[in-house]
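Chain IDs A, B, C and D follow the sequence of writing; residue 1 opens each chain.
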Amino acid sequence: MSDSEFKPFNRVQMAQRAATDIPEGWYVNLGIGIPTLVADHVPLDREVIFHSENGILGMGPAPAKDAIEPWLINAGKQYITLRSGGSICHHADSFAMIRGGHLDLCVLGAFQVADNGDIANWATSENDTAPAVGGAMDLAAGAKRLWVIMDHTTKDGSSKLVTKCSYPLTAESCVKRVYTNLATLDVTERGFMVLGMAPGLTLENLQARTDAKLHLPG
Amino acid sequence: MSDSEFKPFNRVQMAQRAATDIPEGWYVNLGIGIPTLVADHVPLDREVIFHSENGILGMGPAPAKDAIEPWLINAGKQYITLRSGGSICHHADSFAMIRGGHLDLCVLGAFQVADNGDIANWATSENDTAPAVGGAMDLAAGAKRLWVIMDHTTKDGSSKLVTKCSYPLTAESCVKRVYTNLATLDVTERGFMVLGMAPGLTLENLQARTDAKLHLPG
Amino acid sequence: MVSGLLTETLWGRGDETTYQIVDINTNQYNSANRLTLARSPSPALNLCVRKRLPEGTRRMINKIVQSMADAMAGIKDGSTVLLAGFGSVGQPNALIDGLIEQGAKDLTVAANNAGSGHVGLARLMELGRVRKIICSFPRSSDPVVFETLYRAGQIELEIVPQGTIAERMRAAGAGVPAFFTATGVGTKMAVGKEHREIDGRTYILENALYGDVGLVEAWEADRWGNLTYKLAGRNFNPVVSMASKTTIVQTQHVVGLGDLHPDNIHTPGIFVDRVLHIPYGDPGSF
Amino acid sequence: MVSGLLTETLWGRGDETTYQIVDINTNQYNSANRLTLARSPSPALNLCVRKRLPEGTRRMINKIVQSMADAMAGIKDGSTVLLAGFGSVGQPNALIDGLIEQGAKDLTVAANNAGSGHVGLARLMELGRVRKIICSFPRSSDPVVFETLYRAGQIELEIVPQGTIAERMRAAGAGVPAFFTATGVGTKMAVGKEHREIDGRTYILENALYGDVGLVEAWEADRWGNLTYKLAGRNFNPVVSMASKTTIVQTQHVVGLGDLHPDNIHTPGIFVDRVLHIPYGDPGSF
């Protein structure tokens, strides 16, 4: 099968796949970018409680333009709504939820993920003059599980799944699962374990696009 | 002048003297016993805000018997009232007020005070099997100022103002002032400085009842 | 009109409530599909409620348990139990009785006091179920059970300053395994602890105090486990909730989701696992 | 009847209010001297108000200042200023303008961001008044001022993870000079910091972040400095209040003492020094 015959997942499909794997009742923090889309794709018969770093628990979807509450924004500084049952707390308490291990899941984007679970998602160079870390290190180190949603490769084709991150680390050994436009992979003691691939893609073709060694379950 | 001619301060007078020295606007925590009486003797034209360890700020006087709110007690587990402007917080926040240096004053009772400001007020023996410390160590170490109200001597006549505490310490070098039934004393770099004495008492007679050396201002 | 199963989003604003219709197939919110009605009696905020119709047929998060047995299920021998309450105020008496009934033994209990009389925590100790107690004030109006056990060497005691207990619990909940404090420096409490001078003052290092189980008394609770407390009933309850792997709550009042104002929820449900409705328990004499 | 100047104590219970007469000479509450009236419109709690009559003639705690100059008085060159706000929500914009006007320089500013556009914090930096900025996210929608200064070496930067900033402020307010955290382990943030393994996990030691001055935006405030915040306007405001030697508040609403429910005061007045009424400031675009 040639390279051209498979169909990569698009952004919405990447978010959908992650959303489908979130069970009811989890407390979840979503990073900026594709992870934010996950909230819109949680199956509607499940209650999942979304957290935002700036003291919001029980975040709802974006408001209609004519119903914006200017005092309600999320960590990405977008207007949000609050679900019934939502609550507000201060920044230290909000990060106590994160750092104290109370979030079941955090979903982040990343520049690189290593096969030992290391994640690099905040600075593209050791020499970045003024990198912006925000809450990424707290979330990566603090949540019970860290999932990453990202393209499998950079625009120039280099693998973002690596044996060792070349970018500055956000946290060590914490990524549990990666959803890319090509595959879903768990990070295990053996390294990346392929759980699924884009339609038409072979393991051989996936490995050709991946620096780190891929494994199959069993 | 013989010993029998002076008139020691009684409990109410001891509390009154301390109360008179509290300026308007101070945040004050009062220990169990005579210190509790201080609240009743703050001059009525002054607002002083009383704190209790169990999350009460703005404590008012005891309620009338027929107006008890069972959900309002102080650290001594007595029924209290809450003043307008009073507020409730949880135990860690309440002790953040204490330990973070936000209380202007704490007034405690004591077994002994040393002339370097050490206080012993929680256990009467190193071998006390199950001493009860409560919030005393937090208050002594945390408040901006610690004042002590206590009798000048024990019932058998030994001085409670000492050069070195023989009882287990509550905190080191934190007492700023002592109100006894015989005198008011500041703890200074030179040791105890006598600010005032019970009517009819001479410095000589006071020193005779005091282990630690007494000084006069100036 | 949108076909398929519908989901509605509810906006309250001013005197009106707008129901926004959402197509469950595309899961898209479409501002064209809106329906404005007179205001519902709900809270005075812009809230968003997302629910599948009919409500009764969908699964929901529901932390409210129906029996004491469900509340106490799975508490293991050897657990560390954090017990909130100060005096008899905000103390989860029904849950302590439930724990007595449940049978777990070899417990470590952290609480402000070491029990009074022959009920509650004192009863649990009297039954020989408590290996160790961590508290600031083992004395009480009637500490006979604790004192008898302690003199007989049948219970271990760790005395901790009250603020240090509270801060150790808060630290456990906040991902802080250890912190420095000035409380206890120069006293018996500091013996064997790491000392450090920081900016000219001496501090000692204290560890986080984690609970396997936390027992909490709330005033109000909803099905997400959001809690409020009444006045001095708050005390240790919020930090016990944060610090415990399984937080079990008895609440005097169960309220509907959305009935608690989001600005005034004292313990958010993320710190709560099980809620049992115990519709009584105003503090008595002590 | 009691002679002399009288003080009254006010009890609200159920539908009645009882005024208890207190003799100012003896300062004794005497249950015989009571007067029961229909309930006042005050909060639904048993409260005690102690006031000398006539009210207008007595001294009172009043943290409400009448001018920006009073609010900013005494801020010294070289101060560390903690700045609350997240995005433009709960950000004390009027006070930042006041600080610009006041003139203090050589400041260290701790905030989540490093300013945007040419207003507020960005303006303060542009005027060369900020020596160092401590923040988690120096980028913003328009970070031109910060980036220009930073590239020119005219401002010092300390990047801190957002949760670590919040926890360092909370620690400063709570008497914790240093604490261990897992955030940042294995990253550039951990370089040069003390590492310690506790229960099998590695942590780094972080120091408390103290403010000489804290700038805060509240929704409501009373004369004791009790504050509430509105929704996401809470953010860093409570920890900035706790951590700062002088906490200065701008509030949209000034309310009477007792108007805020004691269970729902978000920042108690003990953490507040000055309150300025700025009756506008809903968050705009950002």
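Going forward, a residue touches a chain if its C-beta (ideal position, glycine included) is under 8 Å from a C-beta of that chain, and two chains touch if they have at least 3 such contacts.
Small disclaimer: the values here were computed from a predicted structure and weren't measured.
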Discussion item. Going by average Cα coordinates, which chain is farthest removed from subunit C?
Written reply: B
Discussion item. Based only on mean CA positions, could you tell me how far subunit C sits from subunit D in angstrom?
Written reply: 27
Worksheet, complete the sentence: subunit A and subunit D have mean C-alpha positions lying a whole-number Å distance apart equal to 34
Item to complete: Could you list the positions in subunit C whose residues touch two or more of the other chains?
Response: 45, 167, 170, 174-176, 181-183, 229-231, 234, 262-263, 266
Worksheet, complete the sentence: subunit B residues touching 2+ other chains are 69, 72, 82, 88-89, 92, 95-96, 98-99, 142
Worksheet item: If each chain is a dot and touching chains are joined, what shape do you get: line, ring, star, complete or other?
Response: other
Item to complete: Sort out which chains touch which and give me every pair.
Response: A-C, A-D, B-C, B-D, C-D
Discussion item. For a test of understanding, state which residues of subunit D touch subunit C in their complex under the given definition.
Written reply: 45, 167, 171, 174-183, 196, 198-199, 201, 203, 207, 228-231, 234, 261-264, 266
Worksheet item: Once bound in the complex, which stretches of subunit B touch subunit C?
Response: 53-56, 69-73, 77, 82, 88-92, 94-96, 98-99, 118, 123, 126, 129-138, 141-142, 168-172
Discussion item. Which residues of subunit A touch subunit C once you look at their complex with the stated criterion?
Written reply: 24-25, 27, 40-41, 44-47, 49, 51, 57-58, 60-67, 69, 72, 81-89, 92, 95-103, 142
Worksheet item: Residues of subunit D touching subunit B in their complex?
Response: 7, 9, 11, 13, 18, 20, 22, 24, 27, 29, 31, 34, 42, 45-50, 52, 58-61, 170, 172-176, 222-224, 226, 242, 257-258, 260, 262-263, 265, 268-271
Discussion item. List the residues on subunit C that touch subunit B in their complex, please.
Written reply: 86-87, 89-90, 114, 136-139, 146-147, 150-151, 157, 159-167, 169-170, 181-189, 229-239, 266, 282-284, 286
